[in-house]
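Common to both upcoming complexes is subunit A, partnered first by subunit B, then by subunit C.
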Partner chain A sequence: MQRAVRRRRKADQPPLALIYGLLLAPAAFLVTFNYIPAFSALYHAFTEWDIGGESTWVGLANFRALTGDPVFHKSIVNVAKLGIFAFATHLTVPFVVAEMIFHLKSERWRYFCRVAVVLPMIVPGVVTFMLWSYIYSDAGILTELLVRLHLHDWVRGWLSDPKTALWAVAFVGFPFAGGFNVLIYYAGLTNIPGSVLEAAELDGLSAPGRILRMHIPLILQQVKLLVVMTMIGVVNGFESIYILTMDGGPGYETTVPGLYMYLNGFSYQRMGLACAIGLLMLLFLLAFTLSLNRFIRTEDYEPEV
Partner chain B sequence: MRAASTEKRTRQLVGVLWRAALALILLLTFFPFGFMVMTSFKDTHQFYHTFWLPAWPVHLENYTGALADMQAYIANSIFVTAVSISGILVFGAIAGFLFARYRFLGREYIYYGMIAMMMIPGVLLLVPSFLWVKQLRLLDSYAVMILPYISGGQILGIYLLRGFFSQIDNDLFEAAQVDGAGLLRQLWHVGLPLAKPVLGVVAIVSALSVWNQFMWPLVTTSSEDVMVLTVGMLRYNTRVGGQYGRMFAGYTVSAIPLGILFLLTTRVFMKGITAGALKA
Partner chain C sequence: MSRFPFSENGQAATDCVLRVAIHGAAAAFFSTLCCLAALIATSCAQKDGAGMPDNRGVATRGVLRVDLNIYNPGTIPAGIGEPNKVSAELAESWQAGRKGPRIRYQPLIQTGASEGEWLKTQLIGGVAPEIINLNAEIAWPDVGKGWYVALDPFLEQPNPYAEGNEHWIELFSNQDLVNAKRAPDGLLYCIPLDIVETGIFYNKDLMAQAGITEFPDTWHDMLDVLDRLQAMKLVPMTSVANLGSDWGQDIIFEMLYHDILPEMDLAPSRPDAEGYLGHYLEPREAGFLFTKGFFSTRDPRWREMNRLLLEWRGYWARELKNTDPMRLFLTGRLAMLWDGSWSIRRMVTDPYVDFEWGIAYIPAITRETSPYASGTPATVIGGAAIQLHVTHSAVLNDNLDDCIDFLMYLTAPQNIERLASEALVFIPNIRGAQMDPRLEPFNEIFQRRYCAIKWLESFDGEYKKYWRRMLDYYLNGGVDLDEFLVMLEDNFAKWVEAHRGEPGWDFEPLEAVWQQREANLIRELEPAR
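And now, the complex of A and B:
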């Protein structure tokens, strides 16, 4: 088979000019809209850059400014808190939901439940955040619910009170049964060979034992994927905060590095500093992904298409 | 005997609790969206006085108002998404086919040079990309959205389609070749019909990603002529401030286009969601 392929490739080879010509358009797009901005970011992280496009080389000054910048420090503390919370919720609840669906007896119900967890994704992400912004508002569901329960003392401006603002941001999407995560876990569970599952049942492993000792080790690949995806989502995600609090307020209670990058670029006209923040975020994500790949070795995730 | 039956009973009980918990989580997930749809039929008086329950009569004018305000945004979003997907599919199919079937100098370098860009999240390049397209005089146009979306979106298409085409038996292309079909006709008549499921997945992944773009169009477009739905929703929000029924009607309308897509392509849609994981 291999040899046959190779033999005929020679005969079948179209002119090289045609091949390179056809690749020109995709490559030109990538260079223009991906490579140039990437190298521009790398270079301008070491410059002072104003909106007119004038830039002067300042060496490490941007990074030095960031090490001494209390707002940047605060933003890192905030994103770390959000990250810990996201790992504790967005990784666990979907696993439990996937297990629940996996244990349903009827295939129809399993399919129905999978469709159901995906359904909220038809609402644009931005609109979902607006909906949560409403939930936390003075006429919102949360306030009405507390009034109903005669807990008037608890009512507050959830997004304007410094004590609760970051929590309010973290709780967006409650109960965290995100369709994407559930489907990834579920795909992992269905990939476990039936014979392995039967053997465990015959060995008399109880249901919790099966889940802890068998399912989790066998879906490590999916867990790793979701750990990386969650980390990327937390580090890069500031859309929700932009919608909920606009400027990372009150004070800097909900400022995260991504939002601080955006504000530096588009509100404070410090484009060079914004590039430096973006670069630090990228380096952090690359380091995280690479070290995770070193510590947990699994095969690469391949989607079923 | 009795031990066996109590064990059976606890098992049943656990099963029921398990299902009840699942139902509860699904209910909580849907609650905000259900509330949104319910309230979208109310006027402001009904909103304040029957907060938790549906109210009669229903106010369909919320929807006519929302549609009138949002139809231009929706049309722009559909246009940008459709053109972007077409570009992604064309580039993905051609490049994926070439990388899979032919050998040429620098093939692997070019391929990995393209794939490598998947590692860099676009949002981190927001500022330099903005200044660059400003320099290119692309601001406030359809092109400022479509061109970068094609550029970034094609990567996943190239990756998936190269994988797919390299698994196809070469004999299938042979017949076409004997008939004198060149590279492009082989791709068109043999490759693409076989690749339909993969093309579908790529289309869905791209549609979801392009449709939900927010930060990029927010900073690069400002005129209503080209404004897409996600950014337009911000203006809509201020316009209807305080009229909750109208506001929620707008939110509900914003879900309709993807809702239709979901209804038409449920299975492919669900596959597309997990395939999007490769973007990581």
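And now, the complex of A and C:
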């Protein structure tokens, strides 16, 4: 009887070959468009290569060139500044917003606020950057506002002035209160068991005390995730700079390693050097993530029964 | 253990759903494949005709792929008004009653880089459109590769679409301009269909508010006017797309070097282009003169040129790259806009234009401003606009004669006139074709001399990009004049070193001429008293 049931089920089930066959297509695309280019870049970091031409093995020459390249050094300094700014804003402001939503009494308001912070995510990033480009322009909102306030001396070419260009790029997205980071923090906060929150309240812990001593330690996993993601975004991202300043200018004031990699690969026809920059970025991110995992250990909260 | 990778706990319903889902996915996958195959088959079999632009880059027999840039059907020149239709109508009328390929307009993909990387990939693959618009100077390095068809033999034939024409080449009104587009091998690979020129659009109402009734005649007066406009909290002047710095240095250069250019021009231009390229410095000459101390920190005129440029920049928009100067101008916040003839279309059609405006040009630099000034009028920045090349795709696809015939058809006065009138951006370069009178101010400006060198266009690759970047940095206060001059000198030296000895970069003939003129020229490297 059991054998008959098993045989019938076997007949009803799709053949394994079909399943694996269907998996083949995405796997082929994944290998072709993700893995092969990635491994090719690893190899080409040690070559002199112009796309379309022959690549020549040059060993560590590209890396040596980068160690003496002032533009690359400048790009590292720039990305470090952007990174510090991003950590200071993209990790803290969303946390404050998530806490505020979490503390709302009305579920309806909480829902409304969640939607409100997520809604801007539907605007494509390119559109946001172009909007900010307009905000910074001579005919833009920022200039208009300052002129209306009779602060003519404050008006400047925000993206053209070497003193302000990098900070103008960093400020894109102000007030940094929306989007994904808020949701992650909020999810972490809602995961804290109600019993723990009640106990803290009964023990007379003040609101700031609850946040510092209880919320933050209990959402450390989320913090870690956001730290890693922010770092990846800062190191790899250059779209905003490319759209706002076009070439990482004025001079090299807004050039970051990601943009320098792009310029080397597609504007200066030095794909080997571009791959070397890419490899260095990868190694940095790998080291950063591993260090974070090693030094900041987090465990899921398991309430004692 | 089931060979099916799901739970075995009697979930018949789940199994059923999954089975359906997997079969559905399989069906969708194969349907997609079938659709793709059908699409490819359809696109191959489809009869291509004139119509809206198509980005397909597949070489197809029976079709002529044509890029007319701003004249392409569907394009809205200057971003205002109705989309172009005339080019499609011309294609239809050319095809009517004619056996042979049909026209498919295919705009070139703009990669944002003037080197045209995308086009190169198409040319290497032999799949570029048969007729393309490209600045002749960009094509020159590649003419030896056989990517472009020399048009000289065809230009000697009569154009059957132009009444009474015996030699097609005679149909072009500015012969100097045509000959200036000859490649270094002396052959002509393009047809300069029309002419573009720049001018200063100025708001007469704002000028009147500042107490200015006439556009200034001299550079000195212009700076005075700009001062007064700036005092009114206006943006006194700016250029489109941050081109002012590029155009500005070429214009100032000529006015400061004008008196010594005949001596500096060690390799005279082609006699048949003298009227346009008189004393134009080709890159090799510039490179050679650099090795003798010109265009370096030793050259006082070079310093003066960059000083004046920075001084002028103080009156431009603060945000050079991201500001839309046309918006500023139309909303009365910008008094003078240095722009191309293409903007005339917006100025005459935009409903926001509710003020009196005029067109003028950069005034002459006089001794009041600089001891090196020649006092001669500022030179022209523009030149040939649409430059149509026939690529080797025409040879590969065996439709070269059709390409030539279509080009002859386009250049017939009655046809180019229709194209130019509809777009209202450029001046036709064809005899007998009437120009829209609204373009007349630009035509007048174009009668001046051409600039002595296009600096950024003369440089190439990373040297050009570096210069542009550093110029931007300098004009925005990133470095001072001394630092900037050192940067330029360093870049110049690397550029010369990279090209020295290359074909077309032979310094020996220049050295011989230099020996004769050395005494006079070296004197010019001493600062003026």
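Quick notes on this one:
By definition in this document, the second predicted complex is superposed on the first by the 274 of 305 C-alpha atoms of A that agree within 3 Å, B and C clash if a C-alpha of one lies under 4 Å from a C-alpha of the other, contacts with A are read in each partner's own complex, and residues count from 1 in each chain.
By definition in this document, contacts are C-beta pairs under 8 Å (C-beta built on N, C-alpha and C of every residue); 3 or more make two chains touch, one makes a residue touch a chain.
Because the structure is a prediction, the values reported are computed rather than measured.
In the superposition on chain A, contact of A:K81 is made with neither subunit B nor subunit C. By the document's definition of touching, neither partner reaches A:R210: not subunit B, not subunit C.
By the touch criterion stated above, A:H152 is placed in contact with subunit C alone, subunit B being left untouched.
Of the two partner chains placed by superposition, only subunit C is touched by A:E253; subunit B is not. Once chain A of one complex is fitted onto chain A of the other, the partner contacts of A:I19 extend to both subunit B and subunit C. Of the two partner chains, neither subunit B nor subunit C is touched by A:R110. When the two structures are aligned on the shared chain, A:A139 is found in touch with subunit B and with subunit C.
Touched residues of subunit A, counted separately for subunit B and subunit C, are more numerous for B.
On subunit A, the surface patch touched by subunit B in one complex and by subunit C in the other comprises residues 9, 12-14, 16, 18-19, 22, 25, 134, 139, 266. Interface residues of subunit A, counted against subunit C in their complex, comprise 9-10, 12-14, 16, 18-19, 22, 25, 52, 133-134, 136-140, 143, 147, 152, 155-163, 244-247, 249-253, 266-269. Residues of subunit C touching subunit A in their complex: 2-5, 15-16, 19, 22-23, 25-26, 29, 113, 117, 121, 124, 233, 235, 238, 317-324, 327-328, 331, 333, 461-462, 465, 469-470, 472-473, 476-479. Note for the complex: subunit B touches subunit A at residues 14, 18-19, 21-22, 25-26, 28-30, 32-33, 35-36, 47-48, 51-52, 91, 94-95, 98, 101-105, 110, 113-114, 117, 119-121, 123-132, 134-135, 147-148, 150-152, 154-155, 158, 160, 164, 170, 173-174, 177, 182-183, 197-198, 201, 208, 211-212, 214-215, 219, 229-230, 233-234, 237, 244, 247, 251, 254-255, 258-259, 261-262, 266, 269-271, 273-278, 280.
Chain contact summary for the complex, subunit A toward subunit B: residues 4-5, 8-9, 12-14, 16, 18-20, 22-23, 25-27, 29-30, 32-38, 40-41, 44, 49, 51, 53, 93, 96-97, 100-101, 103-104, 113-127, 130-132, 134-135, 139, 141, 144, 148, 174-175, 177, 179-180, 183-184, 187, 207, 225, 228-229, 232, 236, 239, 242, 258, 261-262, 264-266, 271, 274-275, 278-279, 281-282, 285-286, 289, 301, 303-305.
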